[in-house]
Amino acid sequence: MNYIVRTEKLSKIYPNGTFANKSVDFAVMEGEIHGLVGENGAGKTTLMKMLYGEEQPSQGSILIDEKPVSLASEFDAIKAGIGMVHQHFMLVPSLTAAENLVLGKEPKRKRTRTFDLAAAVSITEELSKHYNLPVFAKARVADLSVSMRQKLEILKALYRGARILILDEPTAVLTPQETEELFVELKTLKQQGKTIIFISHKLKEIFNLCDRVTVMRDGRMIATHNVADVDVHQISNEMVGREVRFEIARPPMAPGEPALRVRELSYVDDFAIPKLKHVSFTLRRNEILGVVGVDGNGQTELVEIITGNEKALSGKVFAYSTEVTNRSAGFVRRCGIAHIAEDRMTVGTALPASIEQNLLADRYRNRQFSTRAGFLRSREMAAYAGRLVHEYDIRCNSANQPVASLSGGNMQKVVVAREFTANASILVISEPTRGVDIGAIEYIHTKIMEMRSAGKAILLVSSDLQEVMALSDSLIVMHEGEIVAYFPDAAAVTDKELGLYMLGIKRQSDEELRKVLHE
Amino acid sequence: QTQKKANVFLLISGSLGDKGFNDSARGALDMIKQKYGANATVKYTELGTDVAKFAPALEDAGAEGYDVVFCSNNFNSAVQEVAARYPKTLYVMYDGWIKEDIGNVYSIQYKNSEAGYLAGALAGLMTKYTADPKINADNVIGFVGGRDITGINDFFVGYIAGAQKMNPSIKIIYNYVNSFTDTAKAKDQALVQYKSYNADIVYHAAGRAGLGVFDAAVETGKYAIGVDTDQASLFGNEPKKADLILTSTMKRVDLTLFQAFEKFMNGEKLGGKKVYVGAAEGVIAYAPFNKAMPASIKTELEKLQADIKAGKVSIPSAFSMTADEINKMRDSVNAAK
Amino acid sequence: MIHFIAGVVTSANYWFIVLRSTAPILLVTLGAVITAQAGIMNMALEGSMLWAALTGVIVSAATQNVWIGLLAGIGASVLVALVLGLFALKLHANPVLSGVALNLVATGGTVFVLFSLTGDKGISSSLASKVLPSLSIPVVKDIPWIGKVVSGQNIVVYIAAVSVVVIDLILRRFAIGRRIRATGENVEAARAAGINPVRIKFFTLIISGILAGFAGCFLSMGYTSNFTSGIAAGRGYVANAAQVVAGGTAVGSIFAAMLFGLTDAMATYLQNIGLMPELIQALPYAVTILGFVVVTFVRDRREAERKRKLFAGTAMQKEKADAA
Amino acid sequence: MNSIKRFFTDRESLAPALVTLFAGLFSLLAGIVLIFIVSKNPVQSVRNFLLAPFLRSYNFYYLLIVMVPITFTGLALCIVYQLRYMSLIVDASFYTGAVVATALGTLISLPSGVHPAVAMIAAGIVGGLIGLLPAILKIRWRANELVSSLMLNYVFYFLGSFVILYYLRDRSQTILSSLPFKKTFLLPRLVANTQLHVGFLIAAGFVVLVSIFLYRTRWGYEIRLTGANPRFAMYAGIPVTSVILYAHFISGFLGGVGGAVEMSGLYRAFIWQMNPSYAWDGVIVAMLARRNPKFVPLSALFFAYLRVGADFMSRRGDVAFEFITLLQGLIILILASDRIVNYFRERQLRKQLLKNSRRESR
């Protein structure tokens, strides 16, 4: 068989001890579109980074055209004909599209050897025409739309002479139309002889686009199939390791009084892109209100502002009768809002600090843990931390261990343990199970339902549509910083219908939307 | 007759290479070596500016059984701390008086104002000598001091008095470097004095920093006056610089230390004594004059020097002036005002 | 007082001295700018200058050739930059701490070497070192006021001026400038584009080493004629502050360095009218801090303004949409 | 006791401790090699360098005296480093603290005991306020705290010497010296006929206080968490800005007190001709102590040992004192190099994981 790229027993251990790839044998044939699927944290990106010379394998080898290669840097990978479009774009915002495109391989004026901007622009425009990937060559990247940035990334790879194109979750940030457009473009590229590795969480897309698909789980390669020979069911089973089961015990419960009221919230990010536009809704006691939307449509900002981690441009947020708009995170917490942050690595935990410190970070001031004079009651703190570690089944040697030494799932349990025991009446939960193993997921889901029964009001944001739908009582859909749909009964909607709203194809009337205010 | 033997240790605050005060003290060791040969061992060490190191160094010298320890006034506190613990050692502290008398400390203070007076008189006369193309018509001369402290102001008030004596319409432009080591700053200041205020002669009392004044003299082609040692003679390999130094007002630290040692060897008891020395003792004097100076001026200055030596000239001293008096005196001649 | 300052500021001599004292700061500021653009702070500029100043003096005294001395000084300075690169880029040390360590080594090391060679600790006056020449520029020197300011400066002052052009060319006209900016702004993006950020950073470190080499040699072989202990006098640190004021451009460096040079020279004059010398000497440092506070303040204001405008735009859109 | 046991058994804390030890020994070794290169009588020089405190009793006391100021600056920097800040403003705090103490020690009259205490508190407060400046500049204007603190150090040095020169100077002295301190201001000596003063005990007391503060009070807890991850601290509701501010105040306070202790303990008047810049030494002390105040006395001792040895050796022989800055630089470089610090730990971890996986897959 003629493999253009192949790995043999490729392993990767990150310096912090994360074992991200375990003896992976991955093979791509020339001229195919090869899908790569796996849950969050399965190791897809890590595998690709090794192919692109960005990370060095801890063990094993990479073969291109059946010849072993050593890819010490991206430069080597580019030379070997590999191009990669990253999950997070790799562009320099202050430079123009053309400058970004030629970066590292710049056209130069003959005589002076200076940078030839005009040539860079014309190169960009020509390539753009040739591959039918339109971009504004002279605009600064900071001012480009997301889809145009992505096209620019693909062009960048092609300009460097890529034969093999890696696309890491390219559709996560695209609208359906843009996705379709991309697929047409990718198929054209395939016809022109390029080989494409395509990563996505959306199996539908894999079946639409790919010739073959490889499934990864927990750092291992599980199987490779011809797409024609398998169905969605089998693949999703292989991804999670068993039958997916989202049957959650859900005692019927009437929502109570309004707990969290958000009114006319607006926000503009550092790149001056409006991320929230006049968002309003009400969350009630005993209710789980799910927020769905394609990543990057304002969910993150909404959560950050509600929880005091970011300042709104305008609008108001009330926790019961207290206004918490633009107050500090500490004030918001004291008003009874707990918060599971979407990024546990940089926000939700302090990695170098101990498990105990992380568990107590929001309550060390309680009389239980520190005296009136400010001295810490170390013994009580240790005992308390030990109890939570036990109760939430955090697997560790001791609570004095730094959180950095825990696995992702256990790190998340630290966060969950802290936030669910914070005595809050409102829980804002973001991506509770991202990159967490099945056992932990079920545990966390059960806990969330317990919280609901305990009378908490819960705002649930997750990019895992199944999860939100299964857990939520009601749903709102966000698109480009706005709420475009409200479903009082989550059980009554299908994911297909949600998709139409998420992708901005449909939008409810203002009247329907006003119902979410419960006024 | 067997000569008595002695070990000498010189502790230097700051460092050598200033072609002035510290190097001069170091010169005393050579004189001692030359005269006493094998009967005297000499040793020195540079201690920098960290005063915390001074006391242990003195202690070390005492404990090692050195007979004579030379140190400058920067060791004043340290000497008070340590000297009494080593009564067998004679501590010779120069350029200032010890505060409380201690039986084995001999301290020497110099009449800096006489040196300043000599320099001032020379500058006051020379700036009128417009026959020299390096001298302009303005009666402005310059002064660069290390710090606005009494030891330096003593030079300065002498300088003012000497210049006024010879040239009543004299104006003086002056700066303090605020450091005895920052050569670059001293040069900056001297450049301003030469270029912007038309000073044709600048005198310095800024230790090592003062070497920057000579750099400025070379850059502008104007005259300077050295301090403490015959500084012109030390620039043998830089004739351009040497030629611009009119003379230096010598403060013979080397001589005083050597003489102290001689007295010690002769069995004279020095401990507990304080002396105040100057021109009369031959400690403060002109170095040889630059050949660019006209004979008439040289003669006049030599006469002045003889008069000072004979105690016929009354020279103000910063030690007997209040801050206000010093201010007033400086203001009265300030060329920038 | 104002009258006095006006008199000073209009005099050619003042500007002559300003250019002179600005030149070394300007050189190191350019060095700080180019490394900062590549995303690494060269805290070792101070040490680079010290070693350059000493090496220049020693080698020029030994060879009796000022140019060989200059070259050796620059070499020493570049070596310091490379050692910083080795630790910060290869051994992943905190670049700021490594810089601090190298400065410490330089402060003591230069004295140590001087002592071991000459027996003196404070000053190299016992070495017959050479001085870089001053240039008088043929036509310019006869222009009334300007001639007095511009002509007759030490050659390094002109080199500093040329360096501004060179650094500007590097940063804005050559491909490497884009690579430097990409490396500083988004190192992952640079790497993904096939650029080797470590090489880029080393490149900027070498450039800054050369610039600091000129500055250091100037101090001991032109600005003054000796190496003295601690001769860099904090200029390397000032450069890192001025770099912020410069806003990442070569031309900005002129203003930033001038800010220091102007106040530093003015301080000398203000002392002459009896203002407290010690207080006056604090002025250049205080002004530099003020400089970067003002710069960031203005930048923040502009950013906020931009955001507000943008939102006003979207609000209008929303109103339009609602009306429709 | 428990923590000591953990220290020696826990791999996590053992690795960096070993690196610290390695840095110390390596630099000592490098120093000895250097001596052999430059000295005409290397054996004697090395002996003087290594054994100074044991050869002469005054060297031993000098060692303890040297420890005092660097213990203060080391402690101050421990707090700053706990925050992962790089500010060196403690230099200005220390110097200005000494100036403030000088003013109070010369101008006012108070009973002994009270007099130095009042001076220390006043110096501490002034030092603390100065300590705040780079933090404010950083929070408000994102000014790099190292650079701004270095600029401010110059400003405060000039300011301080201005005050000494024009308001506190002893005009009867040729050199720069303040008026003599009042007798009541002087701290008693611990051992007669030595300069070892009560300040040594005060420094020891502050080691205990700062250790308790950082590891046993809620403010220390906040500082450590904020340093571990400021984004997290903010998210968890810790008032990050005020934590940063009070940490810097306390750090500056320690610097100020240090300056005052040095004045009233070691000197009879302010006679610093230049800024002694103990903050730079503090950097090394704090790094060697791995920003844990508990280990500050140990690292200050090591540092003072190097210094006293170098001092003694240079007075007795032909090796310049400045050679220890080479060793100090080397220590910082080694300790700052993540690659070196992490090398062994990572290799160990990787090996173990790969071995496990092979076992699993079999």
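Letters A, B, C and D mark the chains as written, and numbering starts fresh at 1 in each.
The rule is short, and it goes like this: a residue touches a chain if its C-beta (ideal position, glycine included) is under 8 Å from a C-beta of that chain, and two chains touch if they have at least 3 such contacts.
It should be emphasised that the depicted structure is a prediction, and the values quoted were computed from it without experimental measurement.
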| item | value |
| --- | --- |
| Which of B-D and C-D has more C-beta contact pairs | C-D |
| Inter-centroid spacing, subunit D versus subunit C (mean Cα positions, whole Å) | 29 |
| Approximate Å spacing (C-alpha centroids) for the pair subunit B, subunit D | 38 |
| Where subunit A and subunit C are represented by their mean Cα positions, the distance between them in whole Å | 43 |
| Length of the line joining the C-alpha centres of subunit A and subunit B, rounded to whole Å | 76 |
| Residues within subunit B bordering two or more other chains | 48, 148, 178 |
| Multi-chain contact residues (two or more partners), subunit D | 158, 161, 165-166 |
| Subunit A, residues touching no fewer than two other chains | none |
| Set of all touching chain pairs, with the criterion as stated earlier | A-C, A-D, B-C, B-D, C-D |
| Touching residues (chain side subunit D, partner subunit C) in the complex | 38, 86, 137, 141-144, 146-148, 150-152, 154-155, 157-159, 161-162, 165-166, 280, 283, 287, 320, 322-326, 328-333, 336-340 |
| Subunit B contact footprint on subunit C (complex, rising order) | 4, 8, 11, 13-14, 16-17, 20-21, 115, 118-126, 128, 134, 219, 223-226, 228-231, 233, 264-265, 268-269, 271-274, 277-278, 281 |
| Subunit B-touching residues of subunit D, taken from the complex the two chains share | 56, 58-59, 62, 65-66, 158, 161, 165-166, 169, 171-177, 180, 193, 195, 266-269, 271-274, 276, 308, 311-312, 314-316, 321 |
| Subunit B to subunit C touching residues, read off their complex | 14-19, 46, 48, 148, 173-176, 178, 181-185, 187-189, 191-192, 195-197, 208, 211-212, 215, 218-219, 234, 237-238, 327, 330-331, 334-337 |
| Residues of subunit C defined as touching subunit D within the complex | 41, 43, 87, 90-94, 96-98, 100-102, 104-105, 107-109, 111-112, 115-116, 121, 234, 237-238, 240-241, 244, 276, 278-279, 281-282, 285-286, 288-289, 292-293, 296-297, 300 |
